[in-house]
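When the chains are written out, they are named A, B, C and D in that same order, and each has its own residue count from 1.
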Amino acid sequence: MGMVGGGLDAFIGTVHRIAANMDGLAELVCGAFSIDPEVGRLSGEALFVAPDRVYATFEEMIEKESKLPEDVRMDFVTIVTPNFVHFAPAKMALENGFNVVIEKPMTFSLEEAIELQKIVERTGLTLALTHTYSGYPMVKQAKAMINKGELGKVRKVIVEYPQGWLSRLSEREGNAGAAWRTDPKKSGKSGSMGDIGTHVAHLAEYVTGLRISELCADLHTMVEGRMLDDDGNVLLRFDNGANGVLVASQIAAGEENAISIRVYGEKGGLEWKQHDPNNLFVRLLDQPMQVYRTGNAYQEPYTLSSFATHNTRIPAGHPEGLLEAFGNIYRNFILTVSAKMNGETPTPEMLDFPQVGEGVRGMAFVDKVVESNQSSEKWTKVD
Amino acid sequence: MGMVGGGLDAFIGTVHRIAANMDGLAELVCGAFSIDPEVGRLSGEALFVAPDRVYATFEEMIEKESKLPEDVRMDFVTIVTPNFVHFAPAKMALENGFNVVIEKPMTFSLEEAIELQKIVERTGLTLALTHTYSGYPMVKQAKAMINKGELGKVRKVIVEYPQGWLSRLSEREGNAGAAWRTDPKKSGKSGSMGDIGTHVAHLAEYVTGLRISELCADLHTMVEGRMLDDDGNVLLRFDNGANGVLVASQIAAGEENAISIRVYGEKGGLEWKQHDPNNLFVRLLDQPMQVYRTGNAYQEPYTLSSFATHNTRIPAGHPEGLLEAFGNIYRNFILTVSAKMNGETPTPEMLDFPQVGEGVRGMAFVDKVVESNQSSEKWTKVD
Amino acid sequence: MGMVGGGLDAFIGTVHRIAANMDGLAELVCGAFSIDPEVGRLSGEALFVAPDRVYATFEEMIEKESKLPEDVRMDFVTIVTPNFVHFAPAKMALENGFNVVIEKPMTFSLEEAIELQKIVERTGLTLALTHTYSGYPMVKQAKAMINKGELGKVRKVIVEYPQGWLSRLSEREGNAGAAWRTDPKKSGKSGSMGDIGTHVAHLAEYVTGLRISELCADLHTMVEGRMLDDDGNVLLRFDNGANGVLVASQIAAGEENAISIRVYGEKGGLEWKQHDPNNLFVRLLDQPMQVYRTGNAYQEPYTLSSFATHNTRIPAGHPEGLLEAFGNIYRNFILTVSAKMNGETPTPEMLDFPQVGEGVRGMAFVDKVVESNQSSEKWTKVD
Amino acid sequence: MGMVGGGLDAFIGTVHRIAANMDGLAELVCGAFSIDPEVGRLSGEALFVAPDRVYATFEEMIEKESKLPEDVRMDFVTIVTPNFVHFAPAKMALENGFNVVIEKPMTFSLEEAIELQKIVERTGLTLALTHTYSGYPMVKQAKAMINKGELGKVRKVIVEYPQGWLSRLSEREGNAGAAWRTDPKKSGKSGSMGDIGTHVAHLAEYVTGLRISELCADLHTMVEGRMLDDDGNVLLRFDNGANGVLVASQIAAGEENAISIRVYGEKGGLEWKQHDPNNLFVRLLDQPMQVYRTGNAYQEPYTLSSFATHNTRIPAGHPEGLLEAFGNIYRNFILTVSAKMNGETPTPEMLDFPQVGEGVRGMAFVDKVVESNQSSEKWTKVD
């Protein structure tokens, strides 16, 4: 594993490293951790990376690693830079034969996303996109139950991602993460929708198996002086006739990462909340609510889906959190890559992580939300 | 207290009677309980109403009661009939000098609502509209805190009323309450928005003190064969620049009355949920969440608002529920009417119940939601 | 209904009046509200009681009411005085032919309780004891499910009543309720156990249908200067071999009335919490937890017990609270008394309220807890 | 890191490996994973351990590793065998200069524990005991707040560990973990108290800083045919005069690992629950409840303790779970060992993990609980 970005001052790099380490399946062997050489050097040292494999740029890293013996060089590249530096290293890595793990949103623009998809298809390599929240076991259980028809036809979907951390103009107060995320040159067309809206758009499509077909967006920049939207509400319509609502806000003061999804079908509804991730609330018509919990060995007809159990590390009663959900993406990515390397067919459970298609889908979502927001027409179609 | 509608087979009549009885301030003395004379008679008997004051029609009731001595006749009329029979008895009652309590939505149409408002203004009488949910102490506490500026300027409001009871075509299965509520001739222009959307539109405006100025609505009839919408999502804009979302659904399978309101301001956010009505969750920036609870004698600066304590009957730790919230509307209505009868000025706490203005506002909301739903323009202005 | 005690300055009087009023089945017609004649007079006035039926003493009240015509005089007496003034008015009322509602603990001493039981048996009259918490529908559902064997044989019971309101020496700071409750001459042998321990001892026996057969108590006076225990922990053994724990504390700082009961059997467990009274959490082995909620029309095999539905006033989704639970005791008491007056047999649902037997049981519990606390032997037998 | 026990069929081995891997500070280099050589071999293979460092016995492992060059050989030994195989490998490891991580309860008997303590003291090496639950950040926050006096003097402590997994006679149904845990020859004097009671006894003493000075225990074997107690209730008294209750049950049917602690002091109370580990509920007198949450950058006076933040990996809003709490013990152990190796003084935050003293304390607790259970005296002193 080699890392682009993720120097010691970047929170998301730590998350990736813990997630990758967790199962003992990957080891950080090299990195281009920072555009600041000193930060890069210190990061490498702190992370036990050999000094000669701490590179100044991703170009240097990919070039030099390519020339190392196969059993020495990195197996894949993790890209955790700001959005505008996703495409170039991903493209170069893939073209040099490296699989890729990439932070969401996948690219800066939809065009880049589509091009990346073509490269992935051409090279046959694997790209994992870290839409973390679909890595939780109870999210996978939700998907499995809907897929089995336990709710009947889906009628309504409500997804939310309320955060409050940009309630002030933090980008002017030395918050580096806030600075690039609110800068259209680094983040992309939309602030709230690119950074967090894509997460819950993905969640809605992942859990229901439906596709958003039309939307009506209302984006806002609620903090004066900010350069990108920090808040948005979107009406949704899905390809099966269901309707929905998506809320993504960075100015929902007091909220942390209160992601939630609710799905209502003909026969019942379900609810999942990220702050309480080991519970899945299932409400079937005419029955008491059932609370499914991670790791339980329920008996038929309640048995947890293989997709849930495959992504659980320890028995019931031991709370699993975001790092484990993140680790599930890494684990499934690595299992898939290993299977492919060994000429085996990955199982559906292994393949169950967000890939380049989801990345394109996310960028299209951002594009359409921005288009809708600028339109006085109520509805904007999504392909 | 005389009652129009609310015979033994109607759930809402029971609620009104319990709410009115609760504080020993009102007594049911007469009624036109049902269009079925036998149901009317049996209802009167069961409710300890003297047989000669069980009337066949509201016209007969108002006429005959008017002629009784002042200390014998009813003091006010409660109207709990389906929506299309709200206006006529309310008008007649007011014009005969009786104060009125009326179920929401106030009337069948906006036109009726406006006319009723004129009559109320002309007669100087009092009309209470039972938007129950603003009767909860913790909702009043939320309003008071926002009014005091504890959240700063309001930026975002999310209100929801998800129910699942119309997930099937119950109006064809002998459910009388479902039958009239889904019949456009009895219910009005909208099903979900008239029946429950108005409740949360009121809640949003009551709690924030803001007015909805624009909206973008998407209504649906999700159950085949139904004659009115049973589900809707509405984007909101408020007169201070805040934005919002309103969801009202009768096909949110598995939900009971999961009303909630979340308000986000510059300095913090708050949340209230009807299924957990004695808690108010307050999240100020940079502080742990605070949970305010009904009936507590907190000390400064946490002291509960006089509007909360005035509407609480018992000390902390004793859950109060919907009937008490309902009783608060009755109590404040009666206190206001009594004060006016005695030539006194009701206190702001007494006057704190939904009145004819809120009724007009609700009917305008329904009108505009339906108009928006039929429009391909994104935004529809609300006066 | 005539009331002994419960003048305007006493919270519990208000609770009784609201509970009795709620269903329109009872009317307050007379009272001996206070030993202070002026308080008594003002209370009567505020409560719409005719001045000539506001009495100075309970003796006067019972004597004079007895002489009124049957259709005028009070039907029953409610006793809401401090514990040491329970027995005398109850005895006199019963001996004069009046049914009785009485606050818990039923009497000052076990001896009084046993004597009262004999009088009740002799007179054939009805005595209701307001152990409010067993009036909640979901508590009744818990009892019904255990009774049906859904948990299998009960193995373990944990009941708690943590309060924090006596964390300071409030009895010296003008808190009248605290003053008599901590005064052994007015309250009885135990503070915490008489006032709140009896509630949860009752709850444990009511819900499980078992009887406490042995106990081991550890009582404490944690606030210096207090005259009675304000805190206690009790190990329990039940007559079927189950074990348990009872915690009752008035110095659990920050708690309101956090009553809870958990029962574990061979096949599953259940949990109920007073601060969230409309939920019953049922955990059967090998299944997701089920959450039963008040007022739902679940279908088989989940249908709510007739004991739960009989004690619910409104459909699902409308939170019911303590006043309704209290009202259930009044309603069942009145329905039972009416049935008996009419020569009918009350149904099991009507008879489902705490009566004189439960009152004796509570006083025996207090006695044995105090005895155990003073003993160095581990176990003290109950009957 | 070398491992004794923890072959692929043992859940706890996985937990240890994930926890140790998480921060990239340790690497599994050798192991004596199983008494079954084939399981050992397969485990080593699956865990990427070089075949020549997969040993048949812990004796072989310690002996051979001792002879490897310092920079090659393992740095510490992790012991995850059943209780009766804790002492011997721990002793041998320490005597050969290896630091030790050991599962709780630390040993089979109190005598072994005391001897181990002497060896630790003599060698100056470090022993970490995996009382996982005190590794959660919000538990550390609770300890810090109590230590700062925010609750005033502690008056009452309630700790619980209810599990339901032994509700049936699973030890006869092929459940290996159940088999040794219920076998007095492998587990020790007590089943429920050794396995889970020690966890919450530790939690009570860790959070409050108090010591249990007396106890009164009631242990039960509720499942017929079982050889050790599976359930127990213990009354506690602490060295400052506080009282408490400890409940540990393996037959609390339907419960997972519902560990909780509640502490009540003169000025307020607090509550923590393992199933919701990122929340700490703080209830100060006369104030709304405050909910402290992991990872937040609260401002004064709410700033999280350095002991909480040191043990948090990622910002607020990302749930951390049991594996992170476990990882905290490993991280602090490794940081402490490294500091000592480098001749530095570990910080108090580094030293904040359970050590040999806590292990002795736990074994003494088990001893005294069993002694008390067999006694008819109410109280048994704990030194």
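Throughout what follows, contacts are C-beta pairs under 8 Å (C-beta built on N, C-alpha and C of every residue); 3 or more make two chains touch, one makes a residue touch a chain.
Since this is a predicted model, take the numbers as computed values, not measurements.
The chain pair B-D and the chain pair A-B differ in C-beta contact count, and the higher one is A-B. Centroid distances built from C-alpha atoms place D farthest away from chain B.
Centroids built from CA atoms put chain D at 34 Å from chain A.
Centroids of chain B and chain D (each the mean of its C-alpha atoms) stand 54 Å apart.
Inter-chain centre distance (chain A to chain B, centres taken as mean C-alpha positions): 42 Å. Annotation for chain D: residues 255, 282, 289, 293, 296 touch two or more other chains.
By the touch criterion given at the top, residues 282, 286-293, 296-299, 302 of chain C touch chain A in their complex. By the touch criterion given at the top, residues 11, 14-15, 17-18, 21-24, 28, 47-48, 163, 255-258, 274-278, 293, 296, 313-324 of chain D touch chain A in their complex. By the touch rule above, chain D contacts chain C in their complex via residues 151, 155-156, 158, 162, 164, 167-168, 216, 218, 220, 222, 231, 233, 235, 237, 243-245, 247, 249, 251-255, 262, 264-270, 282-285, 289, 375-379.
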